[in-house]
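Two complexes are shown next, each including subunit A; its partner changes from subunit B in the first to subunit C in the second.
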Partner chain A sequence: MRRLMAHRLFWPVAMLAVLLLINLIAFPGFFSVQIRDGHLFGSLIDILRNGSPTLMIAIGMTLVIATRGIDLSVGAICAISGAVACSIILGSSDPGNPGTVAVAVIAAIAISLVLGVWNGFLVSVLGIQPIIATLILMTAGRGVAMLITEGQILTVNSPPFKVLGSGFFAGLPVSVLIAAALFLFAVVLTRRTALGLMIEAVGINPEASRLAGVRSRGLLISVYVFTAFCAAIAGLVLTSNQTAADANNTGLFIELDAILAVVIGGTSLAGGRYSLFGTLIGALVIQTLVTTVYTVGIPPIATMVFKAAVVTAVCLLQSPRTTELIDSWHRRAQLRRTLEASA
Partner chain B sequence: MTVLAPAPRPAETPSRLGQVRNWLTNPKYGPVIVTAVLLVGMLVAGAFRYRGFTNPQVIANLFIDNAYLLVLAVGMTFVILTGGIDLSVGAVLAMSTMITASLLQSGWSPGVIIPLVLVLTSFLGLLVGLMIHYFQIQPFIATLAAMFLARGLCYVISNTTISIVDPVFVALAQTRIPILPRLSITPSVIIAIFVVAAAVFVLHYTRLGRTVYAIGGSEQSGVLMGLPVARTKVLVYVISGFCSGLAGVLYSFYTLSGYALTAIGTELDAIAAVVIGGTLLTGGYGFVLGSVLGVLVLGTIQTLITFDGNLTSWWTRIFIGALLLVFIILQKVLTARRV
Partner chain C sequence: MKKTFGAAVAIGAMMLALTGCAQGGGGGGGTEEGPKDPSEIVVGFAQVGAESGWRTANTKDIQAAFEEAGIELKFSDAQQKQENQIKAIRSYIQQGVDVISFSPVVETGWDAVLKEAKDAGIPVVLTDRAVDSQDESLYVSFLGSDFVEEGKKAGEWLVEEYADSTDPVNIIQLEGTTGAAPAIDRAEGFAEVIADDEKFEVVASQTGDFTRAGGKQVTEALLKSNPDVDVIYAHNDDMGLGAIEAIEAAGMKPGEDIKIITVDAVKDGMQALADGKINFIVECSPLLGKQLVDIVKKVVAGEEVEKRIITEETTFTQEEAVEALPDRQY
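Now for the complex of A and B:
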């Protein structure tokens, strides 16, 4: 039991289980998944679908945080990528053409990659603290998105674009499949090659890894580019789901949710060891929490209070100080038992 | 830095130019001087380009419109000087306006509400400080949790706008105090200036201020010197909480209403003002008066864009982002030269 509790995914998984249990008690049909029109329907599918944009960003964020960085600009990148795609689709003569949509998606991703290079440049070449370097784009990015949409909410009516956010493929929502593909890509890339090791090395000790011959500059830039790529796709999914690009509200606070997912998943903000599976669990915890608030019948506006409670609880549980306190309490109890046994 | 004059010959006594150069390249004074020059430049440019910009009331309005941001920036300066950061200030400000508005609606007296709000927000700051110091949670995450909590509580109180009709608040909102002919300020400005003066006194003439700078310089050295590091580190978050609460009260004077979605992103404005004002984000260097200049620069950008009429309001955010970039790179260059 103690070894199980010491596993770093124990608390996140326990929290997810508790949340699911609360749902099951409040709403017995919670786990039922039905097939309607060849698609899967049910609360669990909804959790997966609504949580997929956060998960996509959290995947990139995990790698950034593993290098001792952070990326605050992902929400702004979401807004920019959605704005670019929608303005291209609106500007074309044939918005329903899959070719137009492909051009729009590629353009949105390309621009986001440039923004990722910018973040990486500030962090690795100029050596600015990541939180501040990405704060610049977080502040200016929404202004840029407003500039692209000219302050309007761009509503698009394009069936191929709509598939990204609300379509189904093989019975599953397309957004879930995209998130799964990104997740597998990141896992295979970082765990089947030496890349993950190098990311951890840079996060644990940048100087030592430099002396060991890790080219941290290129590595850092590519990590920020990958996060921007994830953010761009999440932005496209969000925009497609709402069928509109809203420069002010697309991806608002998503950077905080993504960071939260990473932290709940047990990756330390101090860099180094990371767990993509933890992040997956973290993203599911956040989305399940939101769903729980709805099913239990608490006013949805109180969700943020619960998020605050979860962050605080998880952080306190993972704090080294708490482990110390629990350990010393444990030792004392053991000592008492031995004393009682010998007496 | 290409703008700097070539180095004077070592044999000569430091010339006036050398002295200026020393001031400019000092991480302590350099950014503040650049900000001051920038502010004056922006005001002069505005006076040349736009009619009516030379009216002294324009300057007074900078203070009137940004009184709450001045108070927020003062609290943020304390936190950033210790090397921390406080993301919760905008949400706490909103919470403070919500509590004020809803208690006024249920008939409490302003004399009770204002102290109560200040105590509550200081207490929230205390909790955040304890989490950061004793549980070693990064300031970023701890204040993020506080931000969620405060914003959530806003919604719990009410998700519609509550207008304030209390005579005391209305009087405080509408009073104009003439300081010169055709020039007037609001009571909020006086409160904000008082807060700034108090902060300058605390940071430069008390032991607490010394300790704040010492923690920013090196926390470990502070501990070894026997400074009350734990107490001070917690206290800066209490100060920031108090300032956010007070800023909320000033904001409710300004808008005469409470609304849960108010002041989203204000924490970024406060951080930007502090950075533009020359406080180093790693802590240890910076002045409250620099943050005041930072707030005025942000306010001037807004005013210039309003006067221009051709530029749309989203340019404000892009300009602020660009300025942030310039000042962060400046800080980087200045500290790199020192080391």
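Now for the complex of A and C:
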């Protein structure tokens, strides 16, 4: 039990379990998953589906944070990627053609990759602090998206595009499958090769890792490009899910949710050691929290306070000081038992 | 050296991103007495921004109405920032325009700049949104929608629709951004009307932040915990459109299995209404240009105008939507 509690993912997983339990009490059918119209249907599926854009971005964010960086521009990149895709689909003569959608998706991703290179260039070549460097695109990016959509909400009616956000493949939501693929890709790429180690090395001490022969410049740029890639995909899924590009609201504050998911998952903002599995749990906690608000029927004015309370609880329970306190309490209890037994 | 250069580039880019557009050109002084020809009138208008299709339609209508009336309109876009709007109003005061009009980004913090306008003898007309100020003499008129009335209209349709039924009617309400005037007032008006009959019950009410994604996610979750819902009342079209997606994903028919009432009547909403997916829309019209021109003419001529003028608005049923859709401007 003690070893289990000492695991750094214990508290996030426990919090997730508690949240799910609250939902089950408020609404007994919460765990029921049915097959409707040939696909899975239920609250748990909704959590996975709605949480997938946050998870996608959080995967990239985990790697950026591991290099002691941060990327605030992901929300704006979501908006740009959605705006580009929708305006291409709307501008074409045949919006329902899978070829058109493929072109739109590729263009959206390509533009986002360029934005990722820009972020990486500012951080690694010009040496600007990541929070400042990505703040530029965070503020300006939504303006760019507005220019692309001309200030309008672009509604698209394209069945192949809709699949990304609302479609199902083999009974599972497509967005969940995309998120799972990105997750596996990141895990295999960074944990089955030395890449993860190098990322951590750059995060712990950039100078030392450079002297040890890690090419930190290229590594940093790739990490920001990968995050922009994740954000582009998330933006497409979000846009497809609401069947419209909304430059003002698509991916609004998603950077904060992604950072929170990373932090709940136990990755330190100071860089270095990171946990992609932790990030997965973190993203699920955040989405379950949102769903809990609706299921339990917490009034909208109290929503923010409720969310803050849960997140504060996770952070407090996870803190090293709390772990120490619990440890020493355990040790004392054990000592008392030993003393009682010997007396 | 590299770092300084980088920082300079970053700051430059930020300034580009953050500063609003400046207002152009000087204008003639216009404080002399006597009735004026429309071509001599100069009006300064400070718009909120271009945050939605509704707002863009509002801007276009105002610009078109003034052009048609032959009145010079100085226009500025505040990009949703109060400080930009205050700057624009100050520059209108300096230019000595005849009337200043604006849609306040937020409700509070206007007393100082409105006092400056009053001292300079320039009348101010508010459009679309109100200001929260103790001193009502700071503006001559407020032209805009009555959000409580919109909520009432939505409720009245519902009462009529279920007039012959005695079964309980379960309602889900999708609220606008928490604390925003339209969200508070639309909920209030609706609740007032349906309170007279006990068969109506709002089983769940959550905010969807006026967005499609919000409306969709809230509806998804609420449909599962309240499967026997009959009606969804959304505070704007976008949330209603999100709700439609969620209802379809749950294997039900929006408009038939679950009835939907929304407010706004933007083009996408009207299309859904015409397609039978929404049942009733209460209009919240952005087309207040003509009424604004009338008020400006009266104010300049020294006539009395009403302190509160309500925008001319209507409601749409599915049949009316099919008819109105081809000429819909926004």
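By definition in this document, the second predicted complex is superposed on the first by the 313 of 343 C-alpha atoms of A that agree within 3 Å, B and C clash if a C-alpha of one lies under 4 Å from a C-alpha of the other, contacts with A are read in each partner's own complex, and residues count from 1 in each chain.
Quick note on the criterion: a residue touches a chain if its C-beta (ideal position, glycine included) is under 8 Å from a C-beta of that chain, and two chains touch if they have at least 3 such contacts.
Source: prediction; values computed, not measured.
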Open item on the list: What does the overlay on subunit A give for subunit B and subunit C, a clash or a fit?
Closed with: clash
- [ ] Quick one: classify A:163 as touching subunit B (first), subunit C (second), both or neither.
- [x] neither
TODO: Give one of first, second, both or neither to describe whether A:244 is in contact with subunit B, with subunit C, with both, or with none.
DONE: second
Open item on the list: With both complexes overlaid on chain A, does A:315 touch subunit B (first), subunit C (second), both or neither?
Closed with: first
Open item on the list: Looking at A:295, would you say it contacts subunit B, subunit C, both, or neither? Reply first, second, both or neither.
Closed with: second
TODO: Identify the partner contact of A:26: answer first if only subunit B is touched, second if only subunit C is, both if each is, neither if none is.
DONE: second
Open item on the list: Just to be sure I read the superposition right, which of the two partners does A:36 touch: subunit B = first, subunit C = second, or both, or neither?
Closed with: second
Open item on the list: Once chain A of both complexes is superposed, is A:187 in touch with subunit B (first), subunit C (second), both, or neither?
Closed with: neither
Open item on the list: If we overlay the two complexes on their shared chain A, which of subunit B and subunit C does A:155 touch? Say first, second, both or neither.
Closed with: second
TODO: Please indicate which partner A:172 is in contact with in the superposed arrangement: first for subunit B, second for subunit C, both, or neither.
DONE: neither
Open item on the list: Let me check the overlay on chain A: which residues of subunit A are in contact with subunit B and also with subunit C?
Closed with: 122, 126-128, 132-133, 135-136, 139-140, 143, 146, 151, 299, 301, 303
Task: Residue ranges of subunit A in contact with subunit C within the complex - done: 26-27, 29-30, 36-37, 41-43, 46, 50, 122, 126-128, 132-133, 135-136, 139-140, 143, 146, 151-153, 155, 166, 238, 241-244, 246, 248-250, 290-291, 293-295, 297, 299-301, 303
Task: subunit A-touching residues of subunit C, taken from the complex the two chains share - done: 2-3, 5-7, 9-10, 13-14, 16-18, 50-53, 55-56, 175, 178-179, 204-207, 209, 211-213, 216-218, 220-222, 224-225, 238, 241-242, 245, 249-251, 268
Task: subunit A contact footprint on subunit B (complex, rising order) - done: 85, 131, 134-138, 140-142, 144-149, 151-153, 155-156, 159, 260, 268, 271-272, 275, 281-282, 312, 314-318, 320-322, 324-325, 328-329, 332
- [ ] Show which residues of subunit A lie in contact with subunit B when the two form their complex.
- [x] 70, 122, 126-129, 131-133, 135-144, 146-147, 151, 247, 256, 259-260, 263, 269-270, 299, 301-309, 311-312, 315-316, 319-322
